[in-house]
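Please go over the structures that come below.
Both complexes shown next keep chain A, but they swap its partner, so chain B is in the first and chain C is in the second.
And now, the complex of A and B:
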């Protein structure tokens, strides 16, 4: 029989009585349901006398076979129908679940960082009066006057040209906490 | 089987990858052309117009003296 590789020997031990009916996937004597290549090398079930009689009947006119006989022939040759082995498995739920759990680990890292790494007391430049002072300096320096921040500032009116949801309040208005 | 069926046209049997690649290239080229023209008209030309409007009546000396008189420069002093 020539050289038989170890993989072929493995599958040949599992053939048993079954008939080989073709070359199969890459020449292996294996049964597998594949939608891309639905021509396995073996019949699925071992031969019995009834199946042999059906094979004889199958050689004639197919219109004489009843539906039950056609089904018996299919099931003896194949393990599952196309509809059965291409049915959705629901594995996407597992994948999405594990992905979201990994995202939760990231969120936990963020929370622990805020609690244990950063100081609870913010630096002095975060105070609102200081932020307003910085805003006044930016507007005085005319930063980004063409398409950026100061393009929205009206220098005659001393206020914003267009007030949207994200424009800060007018920093030139004096507030009670504007300390030194 | 039941009844007569009309003659079906023969499907394409060879050169499937080649025809798929040709179709993909045509679709991608047309989409890219549309996006490029839209980018030029709606984004690039608009930006150039905004810059031109700004620089038409921009007096840089006046802006310099405004910022200098607020005391924001390190190398020049304000007027007072």
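And now, the complex of A and C:
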């Protein structure tokens, strides 16, 4: 729009009879209600005979205008008052709702995967004795010895260096279900 | 020749610093007052709107003296709705401290309001949110 003048056919079709009264938001003859740019470039309503007579009366003493005339003057110049266009719209509810629906799709995928993808009996390597055996193998191979898993394993003590809520139990302790 | 170029360069640097928003001098109320009160008598609606838009771009609430000058300018261009809109803008500029600042402003400009016949947005009923279903947040 920077190359089209404000008085081109494109704009005049949209402006109509309305008077261009200011720079507005960005120099274009548009009507926008914004708290940062409170004075739009156009008057809101197209002038009719009544509004014209109001404008004439406005040139005189303002104390002679009745309350209804004052309100009509304001509404003919501006679409919404500050209180109206800064009022909360509740759009956050729509956004949160759509976000939660998207989360539901993810949960549905999880449910369908559990029902149709994974078989009811898991493979033999999921048994706890097998998991412990894998853990012993990992520790013997010294996987991630610097910053990762085996950096937390104390090879002198044969136990974890620091036991947090998520460290597995010591896999070198013999359990009844080993040798399965 | 070299002295004049040095002077020119320092002048340009000062101008650039004034334009850059981070290093520009912050407007004090005095500087704004001087600029506003020295307005020409035949200012027109376009300039009022532009001036007030620039004024509210700063991080301050204008003093009642400045608002009185602006309202008188509105009277000169015979635009009542503009005056009411300006009062609404000042109320919006108070931000979270509206209960402290806005009544003070209205109290200070009340003589001008009665003299020119301007009603505050509250008196015209424009301070209420739209009718119908109202949402709190």
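Here is the rule we go by: the second predicted complex is superposed on the first by the 106 of 180 C-alpha atoms of A that agree within 3 Å, B and C clash if a C-alpha of one lies under 4 Å from a C-alpha of the other, contacts with A are read in each partner's own complex, and residues count from 1 in each chain.
Methods note: a residue touches a chain if its C-beta (ideal position, glycine included) is under 8 Å from a C-beta of that chain, and two chains touch if they have at least 3 such contacts.
Worth saying up front: this structure is predicted, and the values here are computed from it rather than measured.
Of the two partner chains, chain C is the only one that A:77 touches; chain B does not reach it.
Of the two partners chain B and chain C, it is C that touches the larger number of chain A residues.
With both structures placed on the common chain, the touch criterion links A:39 to chain C but leaves chain B unconnected.
Look at A:137: by the touch rule set out above, it reaches chain B but stays clear of chain C.
Contacts of A:67 after superposition on the shared chain: chain C is touched, whereas chain B is not.
Touch criterion met: A:147 reaches chain B, while chain C stays clear of it. Shared-chain residue A:47: touches no atom of chain B or chain C.
When the two complexes are overlaid on their common chain A, residue A:97 makes contact with neither chain B nor chain C.
On the side of chain A, the complex with chain B involves touching residues 137, 140-142, 145-147, 151. Only residues 45-46, 49-50, 52-53, 56-57, 75, 78-82, 84-86, 88-89, 91-92, 116-119, 121, 123-130, 134-137 of chain C touch chain A when the two sit together in their complex.
Across the interface of their complex, chain A is touched by residues 47, 50-51, 54, 63, 66-67, 70, 72 of chain B.
Within the complex formed with chain C, the residues of chain A that make contact are 21-23, 35-39, 55, 58-59, 61-65, 67, 70-71, 73-74, 76-78, 80-84, 86-90, 92.
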